[in-house]
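Shared chain: subunit A. Partners: subunit B in the first complex, subunit C in the second.
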Partner chain A sequence: MSAVYTTDEYGRPFIIVREQDKKARTTGIEATKAHIMAAKTVANIVRTSLGPRGLDKILISPDGDITISNDGATIMSQMAIENQIGRLLVELSKSQDDEIGDGTTGIVVLAGALLEEAEELLDRGIHPIRISDGFEQACKLAVAHLDKVSDVIPWSKDNTSDLFKCAKTSLGSKIVNKCHDQFAQIAVDAILAVADLERKDVDFELIKMEGKVGGELADTELVRGVIIDKDFSHPQMPKEVKDAKIAILTCPFEPPKPKTKHKLDITSVKEFEELQKFERDAFEGMVRRVKECGANIVACQWGFDDEANSLLLQHKLPAIRWVGGPEVELLAIATNGRIVPRFEDLSSEKLGYAGTIREVTYGTTNESMIVVEDCANSKAVTVFVRGGNKMIVDEAKRSLHDAMCVVRNLIVDNRVVYGGAAAEISCSIAVDKAADQVSSIEQYAMRSFARALDAIPMALAENSGLPPIETLSFVKSQQIKQGITSLGVDCMDTGIHDMKEQFVFDPLISKRQQFLLATQLVKMILKIDDVIVHRADEE
Partner chain B sequence: MPPRRSLWAIYKGIEPRHRVLLGMGFMGFSMLGIWVSDRLEKRFPAPADSRVTHRAPANAARPHATTTTQNYYPEPGRQAAMAGRGPQMPMMQPQVIVLKEGTDTSQGMPQLLSNISACIAVCDTIRTTLGPRGMDKLIVDSQKRVTISNDGATIMKLLDVVQPAARTLVDIARAQDAEVGDGTTSVVLLAGELLKEVREYIEEGVGAQVIIKGLRKAADLAIDHIRELAVSVDRSDAAEFRALLEKCAATSMNSKLIGSQKEFFTKIVVDAVMRLDQEELNEDMIGIKKIPGGAMQDSLLVDGVAFKKSFSYAGFEQQPKAFDSPTIVCLNVELELKAEKDNAEVRVDKVSEYQAVVDAEWKIIFDKLDSIVAAGANVVLSRLPIGDLATQYFADRNIFCAGRVSKDDLDRVCEATGCRVQSTTTGLTAAHLGTCERFEERQVGGQRFNIFRGCPRAKTCTIILRGGAEQFIDEVERSLHDSIMVVRRAVKNQAVVAGGGSIEMELSRYLREAARQIEGKQQLIISAAARALEVIPRQLCENAGFDTTDFITQLRARHAQDPKRFRWHGVDIDEEAVADMFAKFVWEPAVVKINAISSAVEAACLVLSVDETVTSQRAQDPMANAQPAPGRGRGMPMMG
Partner chain C sequence: MSAQLFNEGATQERAENARLSNIIGAIAVGDLVKSTLGPKGMDKILQSTSGRGGDDGLVVTNDGATILKSIPLDNAAAKVLVNISKVQDDEVGDGTTSVCVLAAEILRQAEQLLDQRIHPQTIIDGFRLATASARAALEQAAVSHVDDEKQWREDLLSIARTTLSSKVLAADKHQFAEMCVDAVLRLKGSTNLDRIQIIKKAGGKVSDSYLSDGFILNKKIGVNQPRVLKGARVLVANTPMDTDKVKVFGAKVKVSDPAQLAEIERAEREKMRAKVQKIAALGINVFVNRQLIYNWPEQLFADAGIMAIEHADFDGIERLALVTGGEIASSFDAPDLIKLGACDTVEEVIIGEDRMVKFGGVAAGQACTVVLRSGTNQMLDEAERSIHDALAVLSQVVGEPRIVYGGGCSEMLMSNAVDEAAKTVPGKRSIAMEAFARALRQMPTILADNAGLDSADLVAKLRAAHYEGRQTAGLDLFAGDVVDVAGRVTESFKLKRQVLLSASEAAEMILRVDDIIRCAPRQRRN
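So, the complex of A and B:
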């Protein structure tokens, strides 16, 4: 730490900062360059997973868990990056994930490309702040341009074909594109089922994803109801209940117990018998109450012992025990029932209704699940994902989540831009053009911004096995010549370059967010000229 | 000091038992030596005993020649450290041990000079953060927490300075932050520069007190001059007053990450402050919530209270999520079915009583819930948890509830809606309830937020910040905090001056002229202070990559030519020119500058008035005298 390492008049060094020799420091351009280096490395890792022909990454956690993913945010967060700048990029993709849910790879690639361009400008001796000012201006232009090239896609509850196409674009790069149409349809249906179209609000809590290993991806289905990963408490209980009136309980089937610490001294046989009688009476009272209110199935958040279990069987009351808290809630929402905290409060109006409740067993395994369908309230849906192995099921879940986010974004704002990097290319052209009219140094930064935007089509083309430079220059020239902004990189090699015809859409807000967030992050990184790092203690 | 380190490392590597043996061996050996030498001396007495003459040191400037602490048995590391301080003491001096062994004392003029060097070194660290082209620092602490900041006070705090003199700089940055919120970098820079300028006088032997007197005088002159120059804006004209606040806020944001979005954020900041009670201006009433995701421009100001959805139990989703003019009750009551007393034990004699005890417990909680419902509340907030039972009970009755709301959020709700936090539910009536126009739960980014809008006593507001990364939002929050403080100051005190280094140039000119009329050494000191003030415009230019000398001389000339006309001329970063900063609306509250100058001078005087440092050693660790023991420091309370 040379700058604060000072010696006094007699050459005796003195310490200004605590644990001075434990701190590493880099300053000035050197620091900025180191940051750019780190960011570029990270961006290069996810670069190859961009686009429909992008490849997956396999990630092994310290515990040996394996994740195979194509999703930028997942890859980044599992990489356990140490470098601070790398971590910033992780957060960047994470916030894109939180906000938009899609485009997490693109944003990192864009940020990496911007920094790469910035490095070149730094070499020319341009002040980092001037560079970031230029980027900011360019970003503003690009976002304005996005608005201009965006198209409104009409959709309604009955006409969902465009939503479907957008979902397809998002799923394009994922492992599930084997059952492309099916998954896209599931995503659209699920979102439309829970969406509050008036408030344009989609509550993701109402969509549950269940996954089970076995079967194949094509067996994945959307259940308009709830799936509970439990079975009926007694093997002899009927496996299917029609016109179910469900009592949802959060109290256990056991004799009442005070919460305060308590003690019961039993001193004689008589008392003991009394206790047993009391317990039995309590059970019977409970079962009676349930019967009386008209329920024909019971879901309980807690367990109950064998005595209660057989009692329930005797009274022909199928029961599900140990239902988790969130499931209880979903069940209550789906069946329009009320959660009942104690038996005394049970009444017929608190029961939920479902058309069928059945136990489904899968394959040769002994695992089974309870499917609640035809519920009183169709707002709660469950996506049940099947797949050959755990990695595929997990990746399918993530892909579906991304696709659903895309659909949600379109419900919130139904403007789209064209995928296949058409939007980026078009923005790049616009920014490049505008740059010529800027009189200050920022002009250079703006041109660099335009070049950084080109990195996305390049990566797309590269991943699709096309010659990147050739493809880019071809598309660019075509865009300028024909004046059509929807021309993009033809990743699937269909011969059609117009993304409008290929139906490759991206929500406008997703692209806008990518540009804004990436630029802001790059600005932040460029603004740092001094890094002080406490090295971890050796002790 | 590599040799010392390695010796110490070797020493540390030895087993403790052997270390004790080694120490005892040393002691035994030296005792023997003393004993033998005493015997020898007795046998062969010296012709003239010259013990005392040895003690007359020839060199007064040598710092440690007069040190009274000289231990008989210096440990190896200590000895090595002392080797640099001057020649070894003659072996057989009678020693008077005044201070505890290991105590570090340094004194005299060299001590003063080394303190100054330390301060300047600290200043150099934050030098580059000043101004619109200032850069940020990335600091990773030992817990791997990353902070990226441009705020002087934050950086100084995280630097973890231990040098005692340099710590005064940390303190003034903190004080400036607490007092006016902005200008923390300038105050540190100014203090450092003052010290740098007077350093040569110290070296030439001018008494520290003379310098202190001169600096104080300069500060008084400068502050009086600021008061004279400051332009006051009439508060009665609402539009103009608002414009003033916006400009002040914009100036403080210039150097920050949000500089490019300052129009957007100044509006938020000024709106937020104007919403507060104009008498109290309690900034605690501005809640700042951070949600990662979204762009900076997606940040928003809520004219009421907003807080994140707390942890909820099953049944929560069945509660209504939006109300028009709800009735709100704030509680400090736990609504959960649980043991009322932890250490109580119920003795049940008969089985039949069992049910009675259980019923009694249920009754306690139901009574609480019933009284809330009876009071007519439909939004229930509590600082303590609201259990699943209560959640479902409320869901049944179309009431919204949220437990574990943090204290300051709840306080803001109270302030906004006019309710009071109740610590019991008994006797709850409609009079204890608050209200607002609309309450709803909304999705903001990846999180759900409870938002209260249109509060009748809207003396509170919430800023929801968005941004790409956590560190990013943190820095935005710090920047906004600075701006809020500045605006608050400006509301109370409407005098403003121009920024961009113009006021410093003007003060510098004024002091230089004033100095000429003073006889004696003070003249030199005051001109030194005048030179020191130029550091602000100089650093502004330097950070922006302009030709510093060119700009400073140009500014100096203009201010000298026509003090009236060129009064507000400073460095215009955007145009890379010298321009009238007042006309460019780079305004700052005069208090910021007054406070900066007075505390910088205070700090400089404090450093100058010290001529001896006595560092007491920690009891367990006599070895690390120049360097605190490794592993220490994390436990130190952070300054906040």
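So, the complex of A and C:
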């Protein structure tokens, strides 16, 4: 490594970077190549997860907990990557996840492929900045082309079959494709239940996912209401309440507790007795207030004193305690109730309404959950995921979330492109063609971009056990010959290459985001020519 | 050249290596518990180095879930198997060994297919088809006798015997089967096993165990209070009976001279006396409290002729409230709102050398108590686990009354159905289906092996019997022959279905993996 120092006018060296021996430094092309190597390694890990026949990864956390997943963002974030460039890719997949929710694997594979192509260009002596300029131009072209090949899919509240097909595409690569139709339907129904069609917005806060091991994946269901992982506070309260008027409280059934620091001294018997009376009255007052406003069930964010609990039972008020913050909000939304922070504020119009509230018990361990159904406001829904083991339940939840995101994206923007890498191949052809008209060095970079796009269909074919090069060249030639842009890789070996017929759709915004984000990241990596790493102290 | 991506200490296994390590891990776990399967299965001793568990960390058990829970495993696939066994335990209560063994056998078959270079997803496709046809066959074979009361009870007894026969209680399985069925039928469809209490007392013989229709509380009656009561009216409470604290936050007694202190103390005592009087005024003669009762209120209760029992644990009072039909009360100001419990007799009974309180002739007869006796603690613990398994299975059968036949009969039935279905499936998937059928056939093979019989011969005979259309043929592991097991070895349909589904789900999950990334273990500070 070249030492970073300079000399003064007497020829004595002085050090610019302090404690140089403790730092590792790479510069120039060497740095860029090291980055590309790292990015390629990361991309290679998730590459095999791509597509309907992609495989899963086991991730073992530092504490020995196991996650089995096919979701790019989950795999990336749990890998605990230390390398700086690797971390950038983790961020990349995370931002795709936050923004779009799906396509988190594809984006990493694309970024990896772009960098691989860039490496070749670097070897030819092309300056990194020229490469990134070329990529930029190519990306613009590809995105414009995506718009061209996209189709608008019609959907309405009654005609959801196309949304359903898109959800299926997203679920195809996950383990839940065992119950493919069912999960896709759940995703579509859940989103449509909560979607605000006028504003074209979907509030994910209204969809809750509860998982419980046991049963099988096919037992998963969509509950039009709320599920709370709690039970009634007193074992002898009735297990089912019909026509429930629910009081939602965020104050504990306990003696008042002022927030300011205080001290209450008892100095005489009279005071002692008064205090006891006050305490008794406080409890009774609380229960009376709840009863008076007409509520027949109480949900409370806090705990109950034993005495209050017993009083509630005596007054035939079933109660749920320690309901978590998000659940309280969800409950309030679902039942159209108001969250009441003080007993004094309770009134009948602040109560929520639900058709039934019941406690459901599972298995042999006496675990139970409270199901709130037929709510006043049908907007809040809960997906109740079942599965044979913990890992599968977790993975099913992640997969459903992805599928819901896809449906959400279509509600926001109902343009789709065709899956099975048809869109990538079509863009690759378009970019390649356009490159011929560019007279500068960027032409090379643009051709490389087209080749990088080909990496996606290659990976798909490879994962599906098809010969990658043969498949790609066949599909490409067919696209050009027949002029149909919806031809793609036939992963499931059905003999049909037209993705329009196979109903493999991806939302346009998802694909566009993939192209844009991946190109942006690659440009950023190409621009770095110097890395200074602080070595950990040797202690 | 590859770049250093992960932290130091992190490892990555890819493709073949990852698959191999998963399958080997799963098979190892399967082999570990395999020998406990069936009526002639063997037990395992688990010795914990830290001295946890039983008396000296020694556990003797036959229960798959217990064995797997106790072994710290480091293999990811093995952990998946442990998890399905735990889920099986929570969901159905038994079949914890079977589910692991079946999953391991499926993976063992899958390994051979992978060696033939078949894509894991193709294998999975085949397995899914196989699971579906096995499930259909199982559902078709399931019968329900819930309408015929006599036959229904016979079924339950048979299921209990099947479950118990692989456990330590096998010798007395008829007696225990009766006990378990009686206990579960009392629940009237509820799956809340908390209502069945199991009391373990070392000493005596296993066959001295009995089912008590009343409720036994492992507590002593207060001093100077009646030992036997007829026509008891019981108040079940959860309230402080030491000193009634002022719960208003921050309250604190502050006095300036001893006279005042004495007065406060008197006021406290008066408050307690008032509380006791309020309780006594309810007209009760038995008072059971979850919390402590101090000597002073205890004496007051004795004066009032009330039997006071302190410090009953939470489960205890819940069960007691349930059986006596009372409510658990914590406030006593509104006497008309408190529901009292009732029972015919409350008496002190002696089990072994311990005195306990028995509530006999209770109003709601849902709860009951199983008293287990045995020579050693390990035996008692294992007996409790066995009883729990049997109760859990039975309570689930009450909810889902369909039954299937055991002794390898159902497995052979499913295996044949899968084999038949495989013939109609074109392509490589049919090879996977055949492999699945082979895995199912491994179950009777293991049963026979564990019994020391000629498994190859027996299983072939069994298979032939099924092909002849004798759909209820199974293995009699005591006679070592193929017999008609209908009515002899019965198992819960729900249990078998769950074993099939969980095992294939887990196998699928493990097969789908082609990469294992293990983060650097967290550094522990010593």
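Note that the second predicted complex is superposed on the first by the 516 of 539 C-alpha atoms of A that agree within 3 Å, B and C clash if a C-alpha of one lies under 4 Å from a C-alpha of the other, contacts with A are read in each partner's own complex, and residues count from 1 in each chain.
Everything that follows uses one rule, which is that a contact is a pair of C-beta atoms (placed from the backbone, for glycine too) under 8 Å apart; a residue touches a chain by one contact, two chains touch by 3 or more.
Note that the coordinates shown come from a computational prediction; the quantities given were computed from them, not determined experimentally.
*Asks:* Fit or clash for subunit B plus subunit C once both are placed on subunit A?
*Replies:* Subunit B/subunit C on subunit A - fit side by side.
*Asks:* Name the contact category of A:I228: first (subunit B only), second (subunit C only), both, or neither.
*Replies:* Touch partners of A:I228: none, neither subunit B nor subunit C.
*Asks:* Output check: A:I191 vs subunit B and subunit C. Expected answer is one of first, second, both, neither. What do you get?
*Replies:* neither
*Asks:* Is A:F278 contacted by the first partner subunit B, the second partner subunit C, both or neither?
*Replies:* It touches subunit B and subunit C both.
*Asks:* Have a look at where A:D265 lands relative to subunit B and subunit C in the superposition and call it first, second, both or neither.
*Replies:* Both partners, subunit B and subunit C.
*Asks:* Can you report the vertex angle at subunit A, computed from the C-alpha centres of the three chains with subunit B and subunit C as the arms, to the nearest 10 degrees?
*Replies:* It works out to roughly 130 degrees.
*Asks:* Please work out whether A:S95 is in contact with subunit B alone, subunit C alone, both, or neither, and reply first, second, both or neither.
*Replies:* first
*Asks:* Is A:I509 touching the first partner subunit B, the second partner subunit C, both, or neither of them?
*Replies:* So A:I509 meets neither subunit B nor subunit C here.
*Asks:* With the two structures laid over each other on chain A, which partner does A:P128 touch: subunit B (first), subunit C (second), both, or neither?
*Replies:* In the superposition, A:P128 contacts subunit B only.
*Asks:* With both complexes overlaid on chain A, does A:P255 touch subunit B (first), subunit C (second), both or neither?
*Replies:* both
*Asks:* What is the contact status of A:E329 with respect to subunit B (first) and subunit C (second): first, second, both, or neither?
*Replies:* first
*Asks:* For the superposed arrangement, tell me the lowest C-alpha distance between subunit B and subunit C in Å.
*Replies:* 8
*Asks:* Based on the A-chain superposition described above, do subunit B and subunit C contact any of the same residues on subunit A, and if so which?
*Replies:* 255-258, 262-265, 275, 278
*Asks:* Inside the complex, what are the residues of subunit A that reach subunit C?
*Replies:* Residues in contact with subunit C: 34, 37-38, 41-42, 45, 48, 53, 55-64, 66, 68, 70, 75, 78-83, 86, 175, 178, 213-217, 234-236, 254-258, 262-269, 272-273, 275-276, 278-280, 282-284, 305-307, 309-311, 313-315, 361-367, 387-392, 395, 464-465.
*Asks:* List the residues on subunit C that touch subunit A in their complex, please.
*Replies:* Checking each residue of subunit C against subunit A gives 1-7, 10, 12, 15, 18, 22, 74, 76-77, 79-80, 83-84, 87, 89-93, 119-122, 128, 191-194, 238-239, 244, 246-256, 260, 263-264, 266-268, 271, 318, 321-322, 327-331, 333-334, 337-338, 392, 395-396, 498, 501-502, 505-506, 508-509, 512-522.
*Asks:* Tell me, which parts of subunit B touch subunit A in their complex?
*Replies:* Those in contact with subunit A are residues 1, 63, 84-86, 110-111, 113-114, 117-118, 121-122, 124-125, 128, 132-133, 135-142, 144, 146, 148, 150, 158-163, 166, 257, 260, 292-297, 313-318, 337-341, 343-352, 354-355, 357-358, 360-362, 388-389, 392-393, 395-396, 442-443, 445-446, 467-472, 475, 544-545, 626-628, 630-633.
*Asks:* Could you list, by residue number, the parts of subunit A that touch subunit B in their complex?
*Replies:* Subunit A reaches subunit B through residues 3-4, 6, 8-22, 31, 84, 87-88, 91-92, 94-96, 98-99, 127-129, 133, 136, 201, 203, 205-206, 250, 255-265, 271, 274-275, 277-278, 301, 325-326, 328-329, 332-333, 338-342, 513, 516-518, 520-521, 523-524, 527-534, 536-537, 539.
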